[in-house]
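Both complexes shown next keep chain A, but they swap its partner, so chain B is in the first and chain C is in the second.
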Partner chain A sequence: MFSEDTILLFYEITDVIIAGLSTGSVYALMAVGMTLVYGVTKAFNFAYGDFFNMGGYFAWILIVGLGLEFGGYPVVLLIVMPLLFAVGYGLEKLLVAPLRKRKDWENKVMMMTLGLALFLTSLYMVVFGVRMKSLPPILEGTWEVGQLVFSYQDIMIFVMSISGILIFAWVLNNTRIGMAVRAVAQNPVGATIVGIPKERIFATTFAISTVMVGFGGILLSQKWFINPNSGGIIMVKAWVVTALGGMGSIRGGLYAAFIIGMLEAFVGWMFGMSYGIIALFVLLLATLVLRPQGLRGKGE
Partner chain B sequence: MRLKHMIAIIGVCYGIMAVLPIFVGDIRFVMNIMIMCLIWAVVASCWDLMMGFAGIFSFGQVAFFVMGAYCSGILAIEHSVPPVLAILMAGLFTAVMGVLVGLPCLKLAGPYIALVTFGVHMALQPVLRGKIGIAIGSGGSVGLLTIPPVSIFGYSFSSANIVPTFYLTLLLSLSCVLVIMFTIKSYWGVAFLALKDSQDFAMSLGISAFKYKLMVFALTSFLTGIIGAYYGHFYGVLSYRMLDLDLFSILMVMMLVGGLGHFPGSVFGAFLVVAGSELMAPLGAYRAVTMGALVVILVLALPNGMMGLFIGWRKRLSAG
Partner chain C sequence: MLNVNNLNAYYGEAQVLHNVSVSVGRGQVVVMLGPNGHGKSTLLKAICGLAESVAGEISYQGQPIDHLSTDKLVNMGVAYIAENRELFPYMTVQENLKLGAYVKAARPHEKKNMAKVFSLFPRLKERRTQLASTMSGGEAKMLAVARGLMSNADFLCIDEPSLGLQPSLRLELFSTIKEINKQGKTIFLVEQNIPHIAELADKIYVMEEGCISFEGNSKEALGDKHLKEIFLGM
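Now for the complex of A and B:
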């Protein structure tokens, strides 16, 4: 019925789609973290991509560096995620909170976090070396349906990041702390009046976003390697997803993440990986010109 | 700051620079550092004009610098355009690029501008390295290796005769800085400040945000492109590695040391930081770490830079 070539092409495209879905799901996770921290604290974090690498490096230290034997990834996540939370909380208290009292502090925060990004990038290069590090896959083996091959790793990445988002959405909508976070996002002054500790909520959201992006880093670093230099590009990617999805919209972020994951996979497949960032940039410009509020954003 | 004070500070900075070759003229290493000081002073001042005065949070200054350098280098190597003409054409090219980048930024606010311009920076590296770059003659991952030095009437300003080259750089750098200074003190500069402080109010007074924001993009990218092109011709080699974050962080430290929005500060900051970063060379790879940490510390601890300290000290002096 079909020629040999057509069938091969079909399998190839399926592979590209799977790759797009699994990276897209992690992008969604990162974008949700970013829209959270920007929506609540109004602080734009340029070091976001370096926290992604931080997650990867922490996992690498535990698994490869220290040779953790028992438990595998669940134990790693159990150790790394509180660590990332602490780092995020501490950095917010130490670096962002003092700036909040200044005038035009949003710009100051951007400069400060860009400095932090440069600091972390060069620190990774000094400590871990310029060469990329690799993490073992979370689950080995493949699942074959006819001639289609799905690796368990891709499936696990997809499942874990989507469940991460779902847990986050549940926390935000159904718990007291989630309610407090939403209250601060809507009206910081009003939230203070009813007795919500604003400063602590700011630090907590910053820490949660650090955990989310670091978790994404652990997931995606198994496929991509950990590159000390990649922080800036990852931050831009997360931001493009956020801008395309619409600020403050989790569902928009999900759609945008899959669109961008697919776009990147297909551009990479057809023209080469280094063109991914160019395609992304063109998409960002097009979004900003044609629909600045994003797919599902509410607009200013 | 008053025009008188600006001229005084710039005069002292450049005056000291102009005298130094008498003492160190035969030490090529030191002369190289001084030329770099002069070049970076212009880039830092342009960035300061953009961020501190016009209030546009652009992170694309290094990208424009590299664009100018590459444009002029490609013109000189591939199309054998005489360097002086190539530098001018590179300036015009970057000015056009600046306007193109500025156009989408006009409608945007805050972090969006920072991101678009940072995206330009990020996207430039794969362009220069990849097939598109090779097609236009960027030399791909090798870079440009044989950029001819600037020559005027058959006299070539290369690093072989470094003292005349130094004075040429001084002249170019000083004229760029003076252009920036007079822009700040002219009607334009006031318009920039008004737009920065309150765009709505400034527009109600008849200041066109569209016109002035594009103007600042065009002017700063023109000057940055010119000085970048000059850098390429002086250095002779260019690589896409310039887009790595080291240079970016050093430039930011310059501006922060000088003081954001305290104009001649960035000139002063550039001189100080270029010299300082050479002194930090023994730190090796830790230099970049230190620079990043310095940005964080300076933003937190020294919000107005050295100029802010200076102004505060003068105020206290006149008060008591």
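Now for the complex of A and C:
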């Protein structure tokens, strides 16, 4: 019925879609973390992408560096996630919080996080060298349906990042701390009035976003390698997703992440990987010109 | 219950309050009157830890509170109800109220206070699943007062509750405030204008240009020539 070529094309396209879905899901996770920090603290975090690498490196230290043979990724996550939280919390308290008391603090925070990004990139190069590191797949093997082949790794990446987002959304909507975070985002003065310790919420939010992007780093580094210089481009990608989705909208971020994941995968498949990035910027420019508020700006 | 002694407050370079001293006794309703922009709100904010730079003594139940942060004050039982409400726009009425009970001291009483607040403001009960941003000005005002009550505070600082309300709603709100006072809360209230307020107040202060220019009960206030001039134009 179909020619061999058509069937082959069908398989290839399926592969591309799966790749797009798995990277897209991690982009979604990263965008949610970014929109969270921006929504709550109203300051842009330029070091965001370097926390992605931090997650990757922490996992690499445990798995490859120390060569620990234990329960694998579940144990790694159990150790790395609290560590990322602590790093995020500490950095916010140490570097960002003191600036917030000053005049024109938004710009100062931007400069500070930009400095932090450069510092972390250099730190990674000194400690881990410029050569890229790789992480073993979270789950090896494939799942075959007829002639279609799905790698367990892609499936796991998708499942884990979507679970991460769902857990985050649940916490945000159903717990006291989640309510406090939303309260600060919606009205910082109102939050102060009801007795929410705003400073602590800022630090907690920063820490949660560090965990989210670092978790994304652990997931994607299995496919992409860990590169000390990649923080900038990761941050830009998270930002493109956030801008397309609409600043402050979690649902918009989800849509945007999958659109971008797919776009990147298809352009990469058709023209080569480096064109994927170009496509991303074209999309960003088009968004800013045609629909600056994003898919779903404002709210939530 | 609350004592303010020689308080000075600044907004940038400008001094907003000059040696202000005020005292509020337990169970009282004390009203601070005065024209707009003369420092009344700043005084309330200073008491509640929300003003920028303040010098002087503020004590609550004998303890100095002038350097405490707002969350500690709310936990001690001092709540602030803002003139412009400061609600959480994308949350429901019920969520706004729940957040009113955020501090530790309020949590065990959340259910009881929610029931109390709904009986004081039946309209809020009807609208409990509605987003705060979709409420009318009067309802939002009620929600702000109700959220303050959820903190289980004994001492409520209310900043211009009647601002922007039509006269009938204003009366309704004042009678609710009287009711809240009867239930045992001490109230320190700021208003611009004298009508309706006099019968509510146990004590009246007037602030002009950052100084206290009058202190007395409502009878004295209503008989005062100067006050009549500034408030009633007589």
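Details
Just so we're on the same page, the second predicted complex is superposed on the first by the 298 of 300 C-alpha atoms of A that agree within 3 Å, B and C clash if a C-alpha of one lies under 4 Å from a C-alpha of the other, contacts with A are read in each partner's own complex, and residues count from 1 in each chain.
Just so we're on the same page, a residue touches a chain if its C-beta (ideal position, glycine included) is under 8 Å from a C-beta of that chain, and two chains touch if they have at least 3 such contacts.
Note that this is a predicted model, so its numbers are computed, not measured.
Aligning the two structures on chain A places chain B and chain C next to each other without any clash. Applying the stated contact rule after C-alpha superposition, one finds that A:Thr192 touches chain C and leaves chain B untouched. Legend: residue contacts after superposition of the two complexes on their common chain; A:Met179 is shown touching chain C, with no touch to chain B.
Of the two partner chains, neither chain B nor chain C is touched by A:Ala59.
For the combined model, the angle formed at the CA centre of chain A by lines to the CA centres of chain B and chain C equals 90 degrees after rounding to the nearest 10. Touched residues of chain A were counted for both chain B and chain C, and B has more of them.
Residue contacts after overlaying the shared chain place A:Ser274 against chain B, while chain C stays out of touching range.
Overlay on chain A (Cα): least separation between chain B and chain C is 17 Å.
Interface residues of chain B facing chain A in the complex, by the touch rule stated above, are 51, 57, 59, 104, 107-108, 110-112, 114-116, 118-120, 122-123, 126-127, 129-130, 244-246, 248-249, 252, 256, 285-286, 288-289, 291-296, 298-300, 303.
Against chain C, in their complex, chain A makes its touches with residues 176, 179-180, 182-183, 186-187, 189-197, 299-300. Per the touch definition, chain A reaches chain B in the complex via residues 38, 44, 46, 95, 98-99, 102, 106-108, 110-112, 114-123, 125-126, 229, 232-233, 236, 239-240, 243, 272, 274-275, 277-278, 280-281, 284-285, 288-289, 292.
Chain C contributes residues 48, 50, 69-71, 73-75, 79-82, 85-91, 95, 98-100, 102-103, 106, 147, 151 to its touches with chain A in the complex.
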